[in-house]
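Next come two complexes, and both contain subunit A; in the first it sits with subunit B, in the second with subunit C.
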Partner chain A sequence: MALTGLDIFKQLPKKNCKECGVATCMAFAMSIASGKAALESCPYVSEEAKEILGAAGAPPIRLVKVGVGEKALALGDETVIFRHDKTFFHPTAFAVSVDDTLSADLLAAKIAKINDLKVERVGQELSVNLIAVVNASHDSAKYKDTIEKVTSQTDFPLVLISNNIAALEAALSVVSANRPLIYAATADNYEQVIGLAKSYNCPVVVKGNNLADTAALVEKVAPLYKELVIDTGSRTTSQVLADQTQIRRLSIKKKFRPLGYPTITFTTSDDPREEVIQAGVYIAKFASIIVVKADEKSQILPLLTWRQNVYTDPQKPIAVEAKIYEIGAVTPDSPVYICTNFALTYFAVEGEVSGSKIPGYILPVDTDGTSILTSWASGKFTADSIAEFLESSGIKSKINHTTCVIPGHTAVLSGKLKEKSGWNVLVGPEEAAGIPAFAKAHFL
Partner chain B sequence: MILIGEKVNGMFKVIGKAVAEWDPRPIQDMAKQQETAGAHYLDINTGPKAEDQVKTLKWMSEVVQEVTDLPLCLDCTNLDAVEAALKILKHPGMINSCKCEQNEIDRLFPLAVEHQAAIIGLCMNNKGVPKSAEDRAAFAMELVANADAYGLPFEDLYLDPIALPVNVAQEHAVEVLETIRQIKTLSNPAPRTVIGLSNVSQRTPHRPIINRTFAIMAMAAGLDSAILDVLDEPLVDAIATARLIMNKDIYCDSYQKVFRQHSI
Partner chain C sequence: MRQSKGIEKERSFIMALQIMKERNTGKINTVTIGATQEQGGTRTSVVTVGGDTALPFLQFEGNFPNQPVIAMEVQSRVPEQWNEIVKEPFADVLSDPAAWAKKCVEDYGAQLIYLKLSGADPDLENYTTKQCVKIVKDVLAAVGVPLIVVGCGNDEKDNQVMPAVAEAAAGENLLLGVAGKDNYKSIVAAAMVHHHNVIALTPCDINICKQLNILITEMGLGLDRIIIDPGAGALGYGIEYTYSILERERLGALQGDSMLSTPVIASVGYEAWRAKEANAPENEFPSFGKQAERGILWEAMTATALLQGGIHIIVMRHPEAINLAQKNIAELMAPQAI
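So, the complex of A and B:
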């Protein structure tokens, strides 16, 4: 975001000496804001002012990376408060927590379970992203041993959770090459923890006791090290929601640097359903990482789905896969409906075909996710593209007839489509809502 | 877009007569009509003939507040009259206006803060209206720096780049548009902008079309509010339409009606 005239004016010496070539400091500030002058022409501007004004050009939320290789995560670097204003860029990462007090067998079982927390949805593989290893034993040898076991069984990056410096150091000696996230630097230990993070070149969480306290702590830490993730220490859903909102607003709207970092949150509920709802709030409300206890697929799958939905680009039309969809108990005699692969179009047709109680096949032609009339107007929904899809989709092997239904708004395509494909082309209703009546009239 | 209804003004014949006779009815009727038409503030101006500005402005404000809950925009160059009227406002109002002169700023900005009132800052000083956008913006910047110093929220500072009649000061209009753009870069949040819209068409035979066209161009440049003839239906329709096109209001078929029901 560009600097305002007032932001610049406040950092100027206010001598009105004219040495910059402009009549007053105020006019000079306005010249800088409009790009007509450079800060360097003022001989009296302080180094501190230069840094403040220079930093204002940086993105509002810093990009921080955790892990290396294929499973590396990029966190932060967001620019909006509501996804419809642009999009959310870097999806919330899930970290499943594991205690170092588990026996070797239980630990192995737990890691295997976490490795398996994945699902394929609309062609993408979704999974959790991190394993948070908690030093519940407070014993550094035990912690190091657990970290070794975990890393041998998984390639997820780790979050190292301990308030014991020796334990963190022991763990880092094993996994620092994989760039784990260190948790956490607090008011009491930040010099030592930041020292560790710096020497092992790993990102680190700064944890305060509330929003203001966290910001004050970041102001102390940031001059030493900048690969930070922040935790305001809040654990109730309502307070986390408030903190997350303030952090996002202050960093984006006010360019408030101490809170311009990705955030980490923790679910706390012991009720598995409540925990999912808690995490659901944090996904929608800006958390970069959520540490969960949940390790059941039934808990994780809705969260993965929700995350995928929240982080899709609202400016891109959502498309369904262009393939044969079977609605109801289809037989070789069932009718074939043609539409486009724009999700809204497809689901409108699907709902009505299903509502007609007459099983049918739906063939959404790939139109880059655009609607019937849009794709028709842009030359993507044509007799050629439909004929080609009737051929390539494999529908012929499923049915014993050659009749298809096209949308009523593109009735004009019927003649040419018949010619190109050799199929018998029925012109359906203009609106999908007419499908049940149409189906009863033609296919009962 | 904040619409400030201009019609309760002693310059208009009906109101001038009512003020002279201390007859509240025509003033109240005009206030109600403007409220129905979608005004968000009502400008209150005694007109030049009122002998006692302090007494008259206060009385006009009182009688208008008897019939409407709309906030008032106290339009008077007599600062004592503005201060007296501010004290009896039921809802935080607006001070119209303050020139970029330090003695006026030092008197009016603290008053605005005290009464949570908005204030219109004019991009001019006692020497008159500058021509270029740069000079206007310099005044704007000074008003912004003063707002910051006095703790006046930037959203309560309405900067008026001063629109002049297009028949005699044609070269000013484009500078006004540029000033509006520049004002929006002065602070974060940006100060608001306002113009006396009807001024741009003074003594031309084409007033409605000039007002309408200028309103829309100024909105595209970032105009937030205007003192205008809210009873001019095509003007309000055009403003409602401009807001749609700028994606400020969500479209619906009855958007013109909905816009008139907006409160601020």
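So, the complex of A and C:
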């Protein structure tokens, strides 16, 4: 069981010095309980308290780091089974696989392609996270050579996939400073592979033949080394779903230590589209790393988006910056649409304004990222706040009219807004989907 | 002696792996759509959904007597606004709903047809009630699979059209849509009198969903005749809200809340193909990649994601996206060794 804020508070120094960045010791304790702060932020906590809290408060799923620097990944350390209970913290990492049998030219082209698998969505930069280099040649010299080439062409951390100890060691002699993930320690080779992981200080995958077998293997490995990621060996969609569910449940609800680690999964289909769909299941169901062969932007974008959606904090909606957005080739005559800065609201409006083929300005009022009706009900979307934004945004200098469109659900604001701002206020449709028809009727 | 002691010590640390199986008291209702000749209709097949006794696809702890089904969307007017990629597989039949439905069944294996009477919209073709009834009857005559029939979305018009459709198709056991919180009486009454099922639509709100089910059952329509539509958001456009609502509804149903135990339908095709990412040309958004494949995957991924939330009827458009979703369902229905 995770400790409550009160349990933690009892162990704190109670100085209320604020040095941890939180106003009081009690509030700090609450932050620790909800996972928002770490005990280490308190400079005065006693060693004894650290021990008590450390043991009891150890996360049910270990935090394991792969890579170094900007592209380093934090995996695991999750606390819930359903995102609506709190949030999922550390997004699934996507690894694109590359074989060491590729010629130098093909390899370079492939790495360049993977480096370019990135896109901006709702103001966030999304990308794949790892390159999994597969020792398909079974040749350690060739593997080492490939690893050298790959590291010279990318910043992505690597997953080193080989069942050849010599090849793994050769690769580690090149990239261990970048903290790659070693794949994998099995029942047959774990002493050697764990030895390598330890001496090079890199995380390592423990791979079993099924869930129980994996747990038994982790029990042998964990006393030797703890920077682990687990692979239950399952490769069919329904079995991976079952395994991942058990791993998440047992580690969180039962604190079953042998399964309290991040997980790695592999898609299996030869058709990249089917791979993407398979990976879609694993994103929802707890995989920490998914290794795919798919490498087209059109295939990766749906994955990046679904991951972004699943790992969005349900309590903190994504917001867009409150400023003027120009959709299409706007002119001083273009219409002005008012909405809120809740990313979903904004992008729904943006999609329809752009779909209407009539260029327009969108002004998302800052409502702390809440939707039209939510912000209206909570008093953040008012005649005053809209009028103020019409003034402060600088829209007046861009247009030669003073007409704005407000969302249909807030028609009640129109009179007062007109009075406050002096603008001519048009009441738009209730749903963004009605914007194209509305725009055609009013602005063509 | 020494060695055996060491082994014993090691053994004592081993924690037994005990699988966690949830014992659920509740389950999802079953709802049957369509009726064969013996049952008073003219369908050659019927579709039953629901009956799940666990979280989606967790076969190791529950039963899934009916796997999720895909309904193919047919409109009563040419859907000009659809992306060319979606129109292409139906190019020769878009102006004829009956031929369109037939193509869905014969060429693409549709188990269900979702007929949207979009042409009834007063702002579009403004088809009369009579015209709408004829379209429904033509589609019924063209295919043997069960039908979902929904109005154009204009409450006033739908309240005229849908009761007439319900009456004309009495005995066919249609799934009629949609009943909303502020407009459910006329469609529910029509479904009761003529023995059809209804879709109860609520905009991503579990409390309103429950409340609407209560209002509808208070009119006398059984819970086994209601399918809920959570007002799904597409991938990238609020799907996480829908996903979490679905999970909460499923958990509620499994804990025995009967008003949350109705099966779920989602308009995946409509929502997914509204997304910018499904439609934007590659030359305008080079970082998005090829548009055709992207659009198909956008629809298929939306379906996949909502399947993990627990939907039962997926309304879809593109045959290739449908293939991907079907394959995903088949894979998820494979037995689990636990």
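Keep in mind that, in the parts below, the second predicted complex is superposed on the first by the 283 of 444 C-alpha atoms of A that agree within 3 Å, B and C clash if a C-alpha of one lies under 4 Å from a C-alpha of the other, contacts with A are read in each partner's own complex, and residues count from 1 in each chain.
The definition used in the following text is that contacts are C-beta pairs under 8 Å (C-beta built on N, C-alpha and C of every residue); 3 or more make two chains touch, one makes a residue touch a chain.
All values reported here derive from a predicted model rather than from experimental measurement.
Asker: Regarding the shared-chain residue A:Leu344, is it in contact with subunit B (first), subunit C (second), both, or neither?
Answerer: The answer is second: A:Leu344 touches subunit C but not subunit B.
Asker: Should A:Gly408 be classified as contacting the first partner (subunit B), the second (subunit C), both, or neither?
Answerer: In the superposition, A:Gly408 contacts neither subunit B nor subunit C.
Asker: Per the contact definition in the header, classify A:Pro59: touching subunit B only (first), subunit C only (second), both, or neither.
Answerer: neither
Asker: Regarding the shared-chain residue A:Thr305, is it in contact with subunit B (first), subunit C (second), both, or neither?
Answerer: Second partner only, subunit C.
Asker: Touch check for A:Glu274: first (subunit B), second (subunit C), both, or neither?
Answerer: It touches subunit C, and subunit B stays clear.
Asker: Kindly classify A:Gly195 by the partners it touches after superposition: subunit B alone (first), subunit C alone (second), both, or neither?
Answerer: Neither partner.
Asker: Using the touch definition from the top, say if A:Leu6 reaches subunit B (first), subunit C (second), both or neither.
Answerer: first
Asker: Mind working out whether A:Gly328 is in touch with subunit B, subunit C, both or neither, as first, second, both or neither?
Answerer: neither
Asker: Could you let me know whether more residues of subunit A are touched by subunit B or by subunit C?
Answerer: C
Asker: Per the contact definition in the header, classify A:Lys254: touching subunit B only (first), subunit C only (second), both, or neither.
Answerer: Both: A:Lys254 reaches subunit B and subunit C.
Asker: Do subunit B and subunit C land on any of the same subunit A residues, and which?
Answerer: Touching subunit B and subunit C on subunit A: residues 253-254.
Asker: Using the touch definition up top, name the residues of subunit B that touch subunit A in the complex.
Answerer: These residues of subunit B touch subunit A: 137-138, 141-142, 144-145, 148, 182, 185-188, 190.
Asker: Where on subunit A is subunit C touching in the complex?
Answerer: Within the complex, subunit A contacts subunit C at residues 82-84, 118-122, 210-212, 215-216, 219, 236-239, 241-243, 245-246, 249-250, 253-254, 256-259, 273-274, 276-278, 280-281, 284-285, 296-303, 305-306, 308-310, 312, 314, 344, 347-348, 350-351, 354, 433, 437.
Asker: Considering only the defined contacts, which subunit A positions touch subunit B in the complex?
Answerer: By the definition above, subunit A touches subunit B via 1-2, 4-7, 9-10, 26-27, 29-30, 33-34, 253-255.
Asker: Looking at the complex, which residues from subunit C come into contact with subunit A?
Answerer: Interface residues on the subunit C side: 13-15, 17-20, 55, 57-60, 123, 233, 235-240, 243-244, 247-248, 251, 274-277, 287-291, 293-294, 296-298, 300-301, 304-305, 308, 324-325, 327-328, 331-338.
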